[in-house]
Structures are given as structure tokens and as C-alpha cells.
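As written, the chain order gives the labels A, B, C, D and E, with residue 1 at the start of each chain.
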Amino acid sequence: MTHSIQVKDLTLSFGSVSVLKNMNIDVAEGEFIVLLGPSGCGKSTLLNCLAGLLDITDGEIWIKGKNVTWAEPSERGIGMVFQSYALYPQMTVRGNLSFGLKNARMPKEEIDKRIARAAEILQIGPLLDRKPAALSGGQRQRVAIGRALVRDVDVFLFDEPLSNLDAKLRSELRVEIKRLHSRLNNTMVYVTHDQIEALTLADRIAVMRGGIIQQLAAPQEIYNRPSNLFVAGFIGSPSMNFLHGATVEGGRAFQFGATRIDLAGYEGGAILERPKAILGLRPEHLVIQDHAELGLTIPAVVEIDEPMGADSLVWLEAEGGLKMSVRVPVERRMSAGTQVHLKVDIAKASIFDTVSEQRV
Amino acid sequence: MTHSIQVKDLTLSFGSVSVLKNMNIDVAEGEFIVLLGPSGCGKSTLLNCLAGLLDITDGEIWIKGKNVTWAEPSERGIGMVFQSYALYPQMTVRGNLSFGLKNARMPKEEIDKRIARAAEILQIGPLLDRKPAALSGGQRQRVAIGRALVRDVDVFLFDEPLSNLDAKLRSELRVEIKRLHSRLNNTMVYVTHDQIEALTLADRIAVMRGGIIQQLAAPQEIYNRPSNLFVAGFIGSPSMNFLHGATVEGGRAFQFGATRIDLAGYEGGAILERPKAILGLRPEHLVIQDHAELGLTIPAVVEIDEPMGADSLVWLEAEGGLKMSVRVPVERRMSAGTQVHLKVDIAKASIFDTVSEQRV
Amino acid sequence: TDLEVTHWWTSGGEAAAVAELAKAFDASGDHWVDGAIAGGGDTARPVMIARITGGDPMGATQFNHGQQALELVQAGLMLDLTDVAEANKWREVVNPVSLLDGCTIDGKVYCAPMNIHSPEWLWINNKIYEDLGIPVPQNWTEFVASAPQVEAAGKIPLALGRQPWQSTLAFNAITVGVGGLDLWKKVNLDKDMEVAAGPDMLKVFQAAADARKLAVKSTVQDWNQATNMVISGDAAGQIMGDWAQGEFAVAGKVAGKDYTCLPGLGLNAYLSTGGDAFYFPKLSDPDQEAAQKRLAALLVSPEVQVAFNLKKGSLPIRGDIDMSSANDCMKKGLEILKSGNVVPSGDQAWSPDVQTQLNDMQSEFWSADMTPEDAQARYVEILKTGL
Amino acid sequence: MADVSMAGVQPRGAKPRRRFSGSNIMLYGVLFVVSVYYLLPLWVMVMTSLKGMPEIRMGNIFAPPVEITFQPWVKAWSEACTGLNCDGLSRGFWNSVLITVPSVIISIIVASVNGYALVNWRFKGSEVFFTILIFGSFIPYQIMLYPIVILLRELGIYGTLYGLILVHTIFGMPILTLLFRNYFSSLPEELFKAARVDGAGFWRIYFQIMVPMSLPIFVVALILQITGIWNDFLFGVVFTKPEIYPMTVQLNNIVNSVQGVKEYNVNMAATLLTGLVPLFVYFVSGKLFVRGIAAGAVKG
Amino acid sequence: MSGKPRGLRLFRNLNAKVAAVPMVLTTLVVFVGGTLWTVLYSFTNSKLLPRWQFVGLDQYKRLWSNDLWNAAIWNLAFYGVMSLIFTIAMGFVLAVLLDQKIRFESTFRTIMLYPFALSFIVTGLVWQWILNPEMGIQEVVRRMGFETFTFDPLHNPDTVLYGLLIAGLWQGTGFTMCLMLAGLRGIDEDIWKAARVDGIPKWKTYLFVVIPMMRPVFITTLVIVAAGIIKLYDLVVAQTAGGPGNASQVPAMYVYRYMFTAQNLGQGFAASTMMLLSVLIVLIPWAYLEFGGKKHG
């Protein structure tokens, strides 16, 4: 497997604050990696290090088999797209696209050819002679992508490219970026804090917290088998329901208040008997039914019913005041106060150790 | 039915530009109305008119049976919550909450009582002596709500109160606002451009465009029976799939390229024969299957598959290059290039006249 | 009674002279509130005028008599001093009487003349010539002739302060000196523009152009700095009014021994006379008005005239007082006065408007290389605006 | 196989960014030279003011004093003469304080209220007045001098402290109003709306919401006005009388009342004394000034 | 019913209108009234006191045939252009230097800004002294052995304006630098990053990206500096008093001289009206750019 990007023991500190801690990432050629994490976790910092916009404290960065740790950003074969678009406001779109190329003394025909190609791919042909101020948000973002595109680089770096756009445009451009990737097939590293973007775009997602990568895996893997409590809680909206309890019967059941849930069928390691454990259940892996089933259901009372068009969220209160959410088809309306039972699909559940917070 | 707010023939112009055009809205006591629409359609303007922060050009505004058209904002019995929180940065949370009450020369004990109550409802007790700068976004938003709460008003006005928050927090506070409403049960007018918020919170949604209300109805009504093409396209993410074709056979079938879809079971008015019509199908009302069924399926080719955690979106290309999206369970992975057939649930479809753009 | 008196007498000799006035006024039980404004008349007059027209007049203020305060008087802003003048027989004692005429408008007296200034003096540092071993020049012609030697010794022949009025002063002195009294009178009193444009006047301009070469290296601004250059031996001579003598006196120099003074540049022993006068803006308070009149009378009184003019180095306005303690230079001036070889100064002949223009034009002439012909043409043009 | 070819590749580009690289030396070099240009006059003033007259005549103006004397300072402060008054700058100092303090306060209050009214309480024609006001800030003072004299005379406050305060307030108004207007319009309008919903009126919003949030721009205004009014010469000389002459007028009097030789050391000491207050203000609050400029002045 | 009839709209927000009274009075009485008054009286032959005796355009004819005025205009034009170019260029360059994440930034900034705290009177005096050939730079350099070194800008009509410029720049560039620095700091960090990724050298980024982006700052600065230049008076009075000859006369001095020294108010008013006209010429394009294009909301 060819490595497009290799990050080796990367460390970065601002003064005494270390923002990235001993990071190791290998990105394969043509892979789409999404960096996901809460604000301030170091996503942009990592991206800036890859781009060469920040001098790293320790470690090495290799791109396409070359050690570029100390290379200038323009020599790394990367293109970058910023959240604020960062278009040169006084130049036309064409000027924005050609500025870097002209600076590299590329012949005029070649520049024109590349711009034409980028304009065709991104469908910004009619905009080439406008200034950024005369473009809509989505168009600006496309031009920003175009600026990376014309440089014909191996690696695209995106820093929250869509978060200044409204929801509708965001979902449209998301699909476009995905199309772009499948068309160009070059490596992309994409920072976002929008889970939907991460889940839909990524080949692999790196979930970060406090400068450390928590889990680096395919989206479904991360969604279904989060490696620790943080990842589990961070991914998914609404959040995974966490039941604090204990594993009993040598790990064959989970005790939550008066409720006992049978763990046969759990997909994971050896559960063992733990005095404190957490059972994580996603809203869509619970089914609301009228009747209890021993070892399979959790009793709860309906609080709020949130229809969301395509489906509906029901918020309930379980034993001990625990708020839980369940996703149901939109046709199913629940009235507040109804006593129901939530059936658990244990094959899709996760169990965490309370101390280590790791999935077992 | 008691009217909480009545807007009669409201018109507002800035100079020669009329931003709100002859608007009429009646809001019932305790109702939760959401104003939804694209940017610049006049949502905030309408809200500001209700609050008395803008002098209207023509018409009348009645709140709780009083004509308040020319009343001061503080005399209207309204409380307002802003997108940017608009907390007074130099005052503590307590100062923020008590500012309006002190202005009204309320006795100290009463102020304390009200603050205590608001703090309890919003769970901001421990924050009372902090300044806004020392609060997180969600906490700030809660204080902003508290400021309306302590004034014990009949009507709450919210102007995109959650759009500065990240997705996770947004969904949490959304639920809290819903709880607040069911607890206080006063009238709320809520501006947003987030559909999920609109769909989950509203008793009725007013979809606006260009200063005109397009449809004012309950969320499910708007979602399932959008009164015109704009509303249909605006609500729902991803957007409704629109098939441009014609109704044939006296309105008994819809012809789209080579495909003919049987319209028996359509819930709406008389369809008639129209040379140009649009069939709107939501992504979740299509089912992907391998085999064609005459009059029930549309042939398409899978393009992209976007897993989104709980479910998955499949993007396809149908006849004539039409891009369509279909929502499928997340377990179902589709590979690009597969030829499939989309089964239409005609009871949930909408048909629009191409010229009038109205639903038929 | 307190009276605020504004003036622009701030150099060493001037301040000493003002102190005499204050002393005398305070002695009579009143109080002299000194309102000196530094920077010369051009700086001070606007302030004074603004205050008078702005409705916040001082008790008394210095002007050069002539046309400077004419309009203020016409606007009724000045106190009529006729009764004081008559009581003290000013018309009889003031010499030359033209000074009092300058104060008289429509038969009423509005100012108390203070002193006579004659601007046409050449001041020479004797020591420089002694060091060079050549005799001290006795007139402008000799002075010009000796200039190359002075220059060779690394000294500046002619000191000239770079304020416009000083250029005009030097020019006027050269006019009287080189051109003679008739020429002066024809141009400035008869206002004969033919003469002003004529060949005699051109000669004057040529002489001035020669003088300007001698002053090239003089870069100071204030007149007393220029005088100081002569006193300290950096420059050989300066054309300046009789008030320069005050500076020599303050520096402890002795007339005739340390320095030489040549009225009319030593060529024509005539002096044009102008001078300072005090005007008294109308005040509402009768007490103050009485004090103003007391001050007016006091200023013209013999004792004050003697004390003031000795310090200031200017000539008194009365012919009937004993100036025996005056020094050489002042005595020369007094003699000329007695002999009646006087002409009214430019201050009296021309309006401030014309004078300002003349100043500006001279200033340019003296510092640039304008040809005498050009200068003369402009000179005539400016004079014409004042006809 | 990619791994094999990789083994020999050396890092590209220089590794550590040295603190004293060539361009850094250039940078600091230029800054140093520039600083010399800016500091030279101050250096000359301070040095000269500490020398005796003989030394000034002999030595060069840039050399530090051989023998330090504070006599010039004493003289400038309390002995230098103008006409008959030989109390130096000391009297002018207190006059300047008396003029500056109320003028600064009043002009800032008026201008900030103007800015606030312009941004948040727009009324018909308010922009017109503002535009005229801005034009006013560019009118040379000389043009207005005479009309102002007449105005003050008609108001009966010519030559009084009130008159001068009024003049400073009027001429400070345009630029300050512009500053405050720009700053207030950069504050979120929603805050103002929130306060109105909370029932606060014009003044309450001004004092309790706007003022506390506007420290940076008040500092800028304060600095500009203190220095502007303190340094003012024209109004000070035209609109006052000797008893209330501000320090600058006295400085001018002292510097121009040459008695014999020019006493450069006294002049420099006097100059420094006059500039001390604004200099002090700048050195103390320069940082806030820069921040305030960034916050309010630059935005259109 | 708390509805109010329309007529009362005039009295809505009465407090705000009352608070604006000082501004309204100032603009109407002082700026509009005073200016009109001045313009009107420029058509009279007022001498020491304003006098309503109409003489048509006489004062203007005389003004424009006056060498001094023409010299003053040219001096101001020359000084103005040089000063604008250098103030803005130096201010920008200094701001760029300070923007390089240097150490002691605030020290350097204070050094450059402090002259702004000093009045033009002080500035003029100090520089007059430093440039004085007998004791200033020229003398010092000569004493170091360069006997023929000549640096005497203030006493040479050809160079005196440069002498003024040295002092003017010393006083004013600090403030310009501050404005520029604020402008630079306001530029999106991402633009810099984008340019680096594009491989644009720093100087090119400044020239082609940053400067165009700072247009509003440049315009503001330009207007502030230009307004100061038109008012130029104190500095000249203190430093050269208009000399040598009339080589450093400026219009403001002309106005002052004719209004007060020459006691020819009419002429002074005519000159000030011309100054006002030049102000308008500077301002109207700016006002158009500033207020014409966009709405404030």
C-alpha cells in the first residue's frame, strides 16, 4: 500500500502547552480522511502542520514518500481550502485561480487549460470574471476548492469548508465534494465538527480529543463499535443513551436499577463481571413496545415526541430519572406520560468499563 | 379561541423596498409558531415588528387583545431572545436577569423571587454571579431565555436562538425549549432556518418567502402536503425529488420520460390532465428494489451511497440525468453503478402544477 | 483699579521699559496687569483685535499709531481721550505734532502716543573693523565697500532677521538713505506711482539687491537675535530701528565705543517717524474708565516719557523734556528731531493691507533671487491697491 | 518498494528557523534606525534642557551634558519671563488643567451621546447632520475663527473659560462623533434591542449598556482630546486672556520673548514641560489607544 | 387602548431628539452658519471689521493675482502630495515591520507614536533646532571632520519644504502606522495561509492581496492626513514662519495674515473660501465612496 501522508510522532506545542501529542497517522493514496472532534481539540492545528503553515515541535511529516517536515507549504504538493474561503477579494475568480500559477511562472496556455478544467469540474465557468463579493457562499466555496484544484496537487486539505454555509447548501456541497473525490481520486484530509459530513464523506474518521487521536477507523466501525466512551458519546445525534450499571452473572447480564438485560449476542470482547459498567444504546437500536420482555426491555415513560419529517425522536424517562431517546418512524406519535418498554438490540450495543472508559 | 397575537395587514418598507407585504397572522394562546424561510425573507423583521423594535409602515398589531401597534417594546408583554444572546457583557447573570425588572421598579424581593424561579427552571443557579464571558454558549443561551422568563411575559419571541451553537448543543437545547414551552405554556414565536428545529418544535410553521407567508400549517401537514413547490423544496433534507413530466390519462397517471406512474391513491384534489406537471417524492417515500413493477417503479442507477449513522442516503441518477436521493436503512450498502428500481409510495407524493407551482 | 494692558514688548530692553510704566501706574494706586504677547505685533494684534471685537476688551492696548486701529475707532469701540488731551495740552507738547494727528480722528483724540521710532539706522560693531585694521564705516556706501573684507574674515557683513517686516524695514531705510528724502516723500506721501516706477526707485532696488547678498548667511528669525549677532561680533552690522539700542544697552555696550549707530544709514540724516501708541477700548465700568484716563495722562507725562524712552531706546514724543542722560545714539536722533528732518513713517502712510503685502513681497525679494526690476514692478502694483 | 526509495531522502528545507536569520537582522536593523529618527528629537530636548548655556554654545546638541543642571527646568517652570510676568509655565499649567479637564469631559460626553443617538436612535435627517458634521471636521479652523468670535460675543462668553470649553467641544465634536458612531455601530444591535425590550430608555441604555462596553473608544477619545486640547494654541490665544492663558501660549511667549541670547536649554525644558502631560498619557495608555483605534476608528 | 395616532410619531423617542440638539445646533449654527457667513463676507470689502459692502468677485480676482497666494497654494500642493505619499507609505511599511511578530512590538510602537502626542508647535521648534546649521546635524557632522557637509534645508527656499516634511512625518507617521496596523490585524489569517500554500512570496502577498484588501483603511487614513495637511499652520509658523522668503507659506497662514495682520477680512474670507473649496474637492469623492455605496445598518 502506498502511503500518501505519513505523520510520525508528531508533537506540537505552543510555548508550554502541547496541542498535538505524539501523533501517528498513515494515510493511503486516494484515501478520504476526516478529522473530527470537539472545538479546540487540535484539528486545525494538525491540518496546518500538514500544510507546513505551522512549524512542528517534534516528529516528521512525509508526503508522497518525501520528508517534507521543513518544506515550504507550496512545495509540499498540497492544496488547502479554508472555512472562511480566504479568497483574494479584489481579484476575479480567474485571478484567484491563476495567482499561484502565475507566481510559479507557469506558461499562460497551461494556466488557461487548468482553469478551464477546474471550471468545468466545479461548474464555475460563468463566474470566472466575477469578484468574490458577487458570489454566493456556495459559489465562493467552490472557487476556494478550485484554487486547490488548479494546482494539481496530490493532497487536498479542507478545514471546515462547509461550516459557513446553511444546512441546505451544506448537504448539496457535501455530495459535490464526494463526487469530486471519486472523480479525482486524490488524497483528502478534511476537518469538520459536523458528524453527518464525517460519516458520509470519510473513508476513515479520526476522532480527536485534546490533541490525541481516540479512534481512527471506518465510519460504520466508529458508529457501531466506538472504541471508548468519548467516541461513543461524541458520534451520533442525538447521543447514544448511556445506562450506568454493572455487569453481573459473570458478564452474562447487565443490571441497571431493577432492570436486568441479557447480554447474550453482544459483539465484543469478554465482558466479565464488573461492579461498574456502562451500557450504550443508540436511539435507533431501541424499539418502543407496549409489553415488557424479560431481559430484553427497559421500562420508560414518554416525555416528548419530536417529529422530524422523515422520522421522529421520542424522549423518555427511565428508572432513576435517566433521559433516553429513541428513534421511531414518523407515523408513530407518542403522547407524553405513556408507559412503554424499550426493546434492546444487544448485538448493536456497546459496553464500556467505567474506569478505563474503553469498550469491552 | 383566544388570540394571543393578531397581525392585521402588516406592511413594512425600508424606503422603497417593501420587506413585509400585507401580512395577516393569528396566533392562539399558548401556541408555538415557527417562522421558517430562506435568509433575507423577512423573518427577523417580522419578529422585530412584533417586539416594537421597528416602526411598521401600515397595519396593526394586537397582543392579548390590545392594539400595541405604537406601544413601546417593554409595554407589549413580550420577551425576546436573540441569536447572539445579546447579554449585557458587563453585568453578571443576575444583573442581566434583573435589569428589566429594575427598570420597571419592581421591589427587590419580587426580583429575587423571580430570578430564583428562572434559575431553577433553567438550571442556571450556580452561574448567577458569573459574567457572560465566563459562560459557555449553551449557558449563555439559557441566560438569554431567562431574561425573557423573569419578565413573566405572555409572549416569547425567539430569533434563531440556537444557530450559534454546535449541532450537539443545538439538539439538546431544542429539547429544553420544548420542555419549557410545555411547562410554561405561553405563546412563542420562533424564527429559525433550521428545518429540524421547525419540525420538532412548532405547533404551526409559517414558511415565508420574500416577505409573504407561503404556508402556515402544522409541521406534518407542511411536510407531507406542501401547498406549493417552494415549500416542498424548502422543507426536507435532502430535498424532495422533483420529477418534471405530465399527468396523462385524465389525471390517472404521471408520465416521466418513458416511465409511467399510476396515480391511484394520491391524496389531494382533482388531478386532471396537465401537459406539464411535477411529481414530488421525498427520499424516505421511495424504496429501492431490484425488480421493476409496472406503474409503480422508476428505474435508476446508484451513484453515491452516504451512510449517516442511523440511516443512509443513496444518490441515484434516473432517466434524463435526474439526480434523486433515497433514504435507506444504514445496513443496506449500495455500490455505485448498480441498476435499481425505486418504488413510489403515491399516497405520500405531491403533484404540482408547473405554472402556478401550487399543489393539486 | 486694575487695568489689563496688552502689548508686544517682550525683548530685554522692551520689558525693562514696560516695567517703568507699570511702576509709575502702580504708584498712583492703580494696578497694571501686564498682558504681554510675545512674537511681535503681527502675532499680538490679531489677539487684541479679536478680544476687542469679541466683547472682552482689555483696559489699554498698544498699537502702532496710524491706520491699525482706525476701524475700531470708527466702530465706536475706543474711548474718546479728547478731554485728557486738552487738559494736558497734548497739542502743545507733542513733537512732532503729526504724531498726535495720527491719534486724531474727526477732531477727537483716541490714543496716547508713547514714543517715536525711527527705523532707518545702521548699527555697526566697531571691534570687527578694529580687528581688520580698517576704519569703521561712516555710511552705507563705505559699509558696502568694506563688506568683502568682513566676509573674508569669516563674518557675516549684514545681519538680517528673517521676518517679513524686517525686510521691509531694511528696504525703507535704504530708500531714505540711498534714494533720498524727496523720493521717499513722493512715493509714500504724494503716492506718485510714476516716481515709484521710475529710475530713481530702481536704483534703490539695486542697492537693496546688493545688500541682500551681504545678508545671505544670516538665518535668524527675530530682530533681536540679529542684533545679538552684531553685539557678539558674528555680524558686522544690522539695519534696524532705534529700539536695537536697548539690546546693546542690556548687553552693556557703550555707544560710540563698542558700536556705531548711523541714522539714515549715515547718508541722509532724515528719519521717518512712526511709533507706538496706547488705545483704550471702551469699558462699561466708570471706575475703569477713570483709570484709563489716568493712565493716558500718565503715559504722556514728562517723567514717564523720560524713564520709558531711556530704557527702550526710543525717542520721546515731547520736545520739552530733559534727555541729557541719553546716550550718543539717542542724542543723534534727538538732534534730527529738533532739526525737523522727519517724515511720517510707512505705518501712517499705508494701510495694514498694503503693508502686509509689501512685507511679503520684500521678504521674498530678500531671500530669493528676484531681479530688482521684477521687484519694482510688483512694488508698484502693491502700492496701487492702496491708492 | 516505495519504502526502499524513501530511505535516502533527506528533509527538504532548512530545519530550525534561527532567531537571528538574515532577514531578522534586517528587520531589527531597520526598526532600530527608524527608532533613532523618532527618538532623536526627544533625546536632543532632554539633553539640551540639562545643559548650561556655555556648554550648549560649545558642544553639539546630541552629546549628553557634561555637567547636569536642572536650572533650566526650574527657570522654565517658575522663573522665565514674558513681559513683566516672571512665573514661567507654572501658571499656564494650572490654566491648561482648568481648560483641559472640563473641555475633555464635556466634549466626550456630547460626542458619545451624538454617536449613540446616530447609531441607535436614527431620526429623520440624522445622517444629513452627521455628514455636515464630518465635513466640519475638515474645515480649517481659521475659516471659523471670526464667526466664532461673533458667536461667543453674542452669547456673552467671549474670553471666559466657558467660551473656550464651548469652542473645544464644538471643534472636537466631528471627529469624536465619527469615532463613537463607528464604534457603537460595531456593537451588536441586538444588545440595544434587548435593552429596549427590557424597558430601558434612552439614557439608561446609554449609561448602563453602552458606556460600560465602550472603554476602548473612550480611551481613544480621551487621549485624542487631552492631547488635542492641551496642545491647542490657536484657540488658547484667540479666545482667552492673559490670566487664563494655557501652557502652550505661555510656551510660545517664553520661547519668543528672546532677551539677549536665546536660552535654548530653558526653551527645551519649557517645551518638555508643556509636552509632559500628553506624553505621559501616551506612554501610560498607548496600548489601549492602539486597541481602541483597531476597535473603532478603522471601520468605516 | 395604547395605540397612538400617527401625529405623535414626531414625539416618539423624544429623549433621543433632545440629546441630538447640541449636534444639530453645532452643525447648523457653527458649521453651516459660520461657513455661509464667511462665504458671504468674502464678497465684501470688509477690512478690520466685517462690513456689508458688496464688491463682487474683487477679492477673488486679487487673491488669484497675488503671488503669495499662488506660492502658498503650490507649496501646499507640493508638501501635501509628498506628505500624503510618505506618511502613508512610511506608515504602512512601519506597520508591516511591526506586524512580523517581533519582540518588543509595543516598545517600538510607543516610540513611533509618541510624537503624535506633541503639538506642532513643539515639533516645529525641535526640528528647527535640529536642522539649524549652526548647532544641528550639519554642525555635528562637520565637527566629525566632514568640513564641507551641508545640510541646511530650512534656509534654502528650494529645500525648506523638505525640512517641513521631515518634521511633519516625524509627528504624523506614528498615527498612520497605528491605523495601518489595525488594518493589517483585521485581515483574515486564512488569507495569509492561502497565499503561502499558493507559494506567493510575502512581499507579493502584501502588494497584491493585502494592500487592496486594506482599501477602506487607506481611504480613512488618506482623508485624515489630507484634512490635516489642508489645515497645516502651526508647524510652519513654529518651524519656518513661512520663510525663507515665502518659500514655505501655506494658505492657512495667508488667511490668518490677511484676516488679522493686514486687517483685510474680505481677502482673508476669500482665501478661506478657496480653502473650503479644496476641502470639498478632497471630501466629496471620499464621502461618495464612504456613504454613497453602502448602507449602514
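Descriptive notes on the structure:
Simple rule for what comes next: a residue touches a chain if its C-beta (ideal position, glycine included) is under 8 Å from a C-beta of that chain, and two chains touch if they have at least 3 such contacts.
To keep track of the chains, here are their UniProt names: A, B, D = ABC transporter permease; E = Sugar ABC transporter permease.
This is a predicted model, so every value here is computed, not measured.
Counting only chains that touch, the fewest steps needed to get from subunit D (ABC transporter permease) to subunit E is 1. Using the mean of the Cα atoms as each chain's centre, the chain most removed from subunit A (ABC transporter permease) is C.
Taking each chain's centre as the average of its CA atoms, subunit A (ABC transporter permease) and subunit E sit 55 Å apart. Distance between subunit A (ABC transporter permease) and subunit C, defined via averaged C-alpha coordinates, is recorded as 92 Å.
Centroid to centroid, with C-alpha atoms defining each point, subunit B (ABC transporter permease) and subunit D (ABC transporter permease) lie 53 Å apart. For subunit B (ABC transporter permease), the set of residues touching two or more other chains reads 75. Annotation for subunit C: residues touching 2 or more other chains are 46, 50, 53. The set of subunit D (ABC transporter permease) residues that touch two or more partner chains comprises 145, 150, 252, 255.
If you check the complex, the residues on subunit B (ABC transporter permease) that touch subunit D (ABC transporter permease) are 48, 51-53, 72-75, 78-80, 82-84, 86-90, 99-100, 103-104, 147, 151, 159. Within the complex formed with subunit E, the subunit D (ABC transporter permease) residues making contact are 27-28, 30-31, 34-35, 37-42, 44-45, 48, 56, 60-62, 110, 113-114, 116-118, 121, 123, 126-127, 129-148, 150-151, 169-170, 173, 177, 185, 201-203, 227, 230-234, 248, 251-252, 255, 264, 267-268, 271, 274-275, 278-279, 281-283, 286-287, 289-290, 293-294, 297-300. On the side of subunit A (ABC transporter permease), the complex with subunit B (ABC transporter permease) involves touching residues 39, 166-168, 171, 174-175, 178-179, 182, 193-196, 199-200, 219-220, 223, 235-239, 282-284, 303-304, 306-311, 313, 315, 327, 330, 336. Looking at the complex, you find that subunit C touches subunit D (ABC transporter permease) at residues 4, 6-7, 9-12, 15, 18-19, 22, 32-40, 43, 46-47, 50-51, 53-56, 58, 222, 224-225, 228, 247, 250-251.
Chain contact summary for the complex, subunit E toward subunit A (ABC transporter permease): residues 188, 190-191, 193-201, 204, 208-209, 212-213, 215.
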